[in-house]
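One chain, subunit A, appears in both complexes that follow, with subunit B as partner in the first and subunit C in the second.
Right after this comes the complex of A and B.
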């Protein structure tokens, strides 16, 4: 169906770290490690899934890659050029190339602007279009995301979440980017609308010369249809990455397996204490030891897990796992 | 959506939307009366009134009659004509000073709130110093030193509106800085200044507009107050504050008309402006 992505690495994120420090009452501060040595490679035109629970750092990664947040450490390399430390002025030309769709479609539109104005705002980045061509382009973009041109005159509060998310995708497509980060684009939508947005993305993927996507989600099931490659992230760490087939058919890391199990069993027969997989929620204190971060909750834990931090290892071509027992457990 | 399907629909204007909200009668009454007052002021030169500035020594302090419905004042000038002509003076001064305050204050507040840091500290401290001066005293000092002109009066009043609006806009800007649509505007390639002026500032104007009539009411009071103590607008020009002052001496002798009518006009205008301000406020709540 889709060709195996073999394009060059367009965007590389290397050892990205980001810590938020929250001021608590008085002088005390609490530090939250959102990204801890995250590396990721994006190739031209491919769709990469980034899956993790809330608070795992997946949205932070997207925001850092788009320079909405500054990394504390690590590098972001775009077409061979380091861009993580560029000042805003030099970064701006790159905005055209890297776009984003936000989780909440309603709040991601300026309430004082019509959809047309919002799209024209994004099209100002395309200097080769003159003003009359831009207006025409607005209509084309709305058609491309299966909204009619009649939506152009509407204000955001006059549209539904699904319609707005299409408009948001149109806005991201406007400057003809290389990559679009989709930050949980379906999380705020009804089940029925969710499918429509997924189908729209599948359509866009099929178009020649279209952008690549980074699909950030907490829901693995969605990725089965859209992703070429998948990264699994938890507690600011990538624990497993590989092609869609590797992740869905031969997952190696206990955390990935637990996620898959949770997704496939679904609501039908989830039992509270079957002891076979990881707990559903993250406890912050488990990351305090020097060893594997999932130690306290892993049914396969051995003494060695507590002693040494786990590194990503390539166990199959293209499949990386952060677990030394990956081959043994089954 | 049926109307939409047939083609691009007409958008109702802001005025139409305001008319449609609940309590429409109250809105209509207040806005209508206010509009009537302003209309009266605008039409003053063509209405069949006495000349507001022509003194008549033979007709001093005449009580209300058919010839002079509101009577005449100490200079023998027609109080009705002066009260109506004063609408022009007071509203023009109030509106222009408030507008000037917003034009300067709102962008300052948005810049200060969005960029934060040193710029924010400087702007905030400076505006706080402005607000530290006692108002009437400061007004008196400036008018005494720089001359008793209308331009100076407008500048003084604007000076007091700048901090009000810069603080208000700043406080609304702070949470907007992290708003999704502001982040989206950055992703869409807007420069920081363009984010502030095209995306942040327009979204802070709703509370500004609900405050506007209140500021106008306050400015009208200030103008009248300064004029009452002999500063502000000089005597022959029709203005409520100076008219009240002129008539006040005769109030105790039962010659009430020279002060009461301009006083009522001031009271009604300020009251209506306050009401409209409240209604704007409730309009904001409804939309949010």
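Right after this comes the complex of A and C.
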């Protein structure tokens, strides 16, 4: 296991903000702040977990990092260049270096194409390979994701969800990327086969010169095995980040703790539904209350939490927390 | 006493000249006043089972067997009788609350409609009842929110509204089909706690359908584990989680364990083809203990401890392992 941080910083997200504006009745607009000053660094070859619930902004962040969505503020710097400011001509050769694997493997494949055709399509992005070399590469990629060349002739409907998700990873590996963004790659798979995908990623991590991974998920459990570092995001804010061991063995933010509790069998502290926090569904609307955004649902909230915005601060080397009470609560 | 008794339930779908075997002979009973979980992965038949109870099935479905609810056979009821049972004595909370509500009607109106259908009260009184149950499920300013449409509700609130709808007729059996899927973790816990509260208040029986063993451990006292349209194991929650007697349950539990192992456990192979009838055990193709008999003979439930049954030829060995 890689203990020390991997290589140089390849991709930096700096103070990213993104607001979606929805039109409601007539001229009124509702603003949804999906990202609110998110910063993140991805180093060569490392695996970063990004965990958050639905609506937390995790997918928006992934899309922005791949230049599929424009930021409102902040920068994304990849290999020293601000990718969102690049003209299309200069961005295109870089694009293949940042790949994506989607949540639903069935809908992310063309049902009319065999797996070989889908992989050949992806390999067209690699101009240095001639046609016969590409066919050979298809076989190698399928071996790499532990499927084997016999899967090349199959259509997506002939494969199980787990097999298809491995094919999706093969397709993302094809253009020799620096990073693969995996957006909930195991969420559509049953618990009993999630391990196949996770263990495949573990094997890919060990390969020399392989890509780094950004693993976007709402389920902390799967990150325990694969992530070098973890960012916890909610409501467009990073509330905690640190190494895997820090997050799993010494989580400091109440939200991180809640996520960990929810994922474990039988060890959950029951919080009674006493009516105090019944209407505490997170509201993403940009209200200017100024205080901590998790105020309404935090069991440790104090009066000060309502007044002061919380800042991300380093509590241990490499571990950042957005909560002023982080040291006291245990 | 058992409230719900299911015997030899088989459900098949005819699809393009092929038969899909969704339930392959399910026997189970749910005791009155229990909180019972049906646990299974996709394709295990857990949702097919709940839809079969209420006969909410498409025309290509073929259902055989017996479902007795309070000693009354449900599978032979006519439509009118069945309508009184559905939503009245047996209420269901479906997954994806937003999709289960009618987007064109105010939430309160939908609850009032259910109330009028089953208790025959007038319009005004039904509306009052609707507001009352919305408030009881923790919706603030219920009178105003009752006039709102589903899209004005958040996911957690929509789930509460669905619970309110189930609550309004005071059912004896409440079926909750993955009530927390798609909700974030904090809201999940609130919704589960609310379901438990409602069940306790009505003195009703809960049948919770879920794929998540973490949910079951807290919320239920009985577990039914399903796989490929069959019941693999039943018993008290503590028995099943602490001393599983079926290799499938044991393997599934291992996938949920939080360990510091280097690799994540998984069950190799894939679920059997649902278009084929099975001769042996449905888990034989993926099980680490498989022997010849597993492919040849379907295992019958064995009682390994009082009230703890496992359909496995080697149940005794598994439980002692």
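By definition in this document, the second predicted complex is superposed on the first by the 295 of 330 C-alpha atoms of A that agree within 3 Å, B and C clash if a C-alpha of one lies under 4 Å from a C-alpha of the other, contacts with A are read in each partner's own complex, and residues count from 1 in each chain.
By our rule, contacts are C-beta pairs under 8 Å (C-beta built on N, C-alpha and C of every residue); 3 or more make two chains touch, one makes a residue touch a chain.
These figures come from a predicted structure and were not determined experimentally.
J.: Between subunit B (first) and subunit C (second), which, if any, makes contact with A:214: first, second, both or neither?
T.: neither
J.: In the superposed arrangement, which partner chain does A:88 touch: subunit B (first), subunit C (second), both, or neither?
T.: In the superposed model, A:88 contacts subunit B only, not subunit C.
J.: For A:115, select first, second, both or neither according to whether it touches subunit B, subunit C, the two together, or no partner.
T.: After superposition on chain A, A:115 lies in contact with neither partner.
J.: Which partner chains sit in contact with A:297 here, subunit B, subunit C, both or neither? Use first/second/both/neither.
T.: Once the two structures are laid over each other on A, A:297 reaches subunit C alone.
J.: Just checking: does A:55 make contact with subunit B only, subunit C only, both, or neither of them? Give me first, second, both or neither.
T.: After superposition on chain A, A:55 lies in contact with subunit C alone.
J.: Looking only at subunit A, is it subunit B or subunit C that touches more of its residues?
T.: After superposition, C is the partner touching more of subunit A.
J.: Residues on subunit A in contact with subunit B in one complex and with subunit C in the other?
T.: none
J.: Would you mind writing out the residues of subunit B in touch with subunit A in their complex?
T.: Listed in rising order, the residues are 4-5, 7-9, 11, 179-181, 183-192, 198-199, 202-203.
J.: Can you name the residues of subunit A that touch subunit B in the complex?
T.: It is residues 63, 66, 68, 88, 92, 95-96, 99-100, 102-104, 107-112, 118, 121-122, 124-125, 150, 153-154, 168, 171-172, 174-175 of subunit A that touch subunit B.
J.: Residues of subunit C touching subunit A in their complex?
T.: 41-42, 138-140, 154-157, 182, 184-190, 193-194, 197, 211-214, 217-218, 241, 251-253, 255-258, 260-267, 270
J.: Would you tell me which residues of subunit A are touching subunit C in their complex?
T.: For this pair, the touching residues of subunit A are 1, 53-56, 160, 162, 190-196, 198-199, 202, 218, 221-222, 224-225, 258-259, 262-266, 268, 270-273, 275, 277-283, 297.
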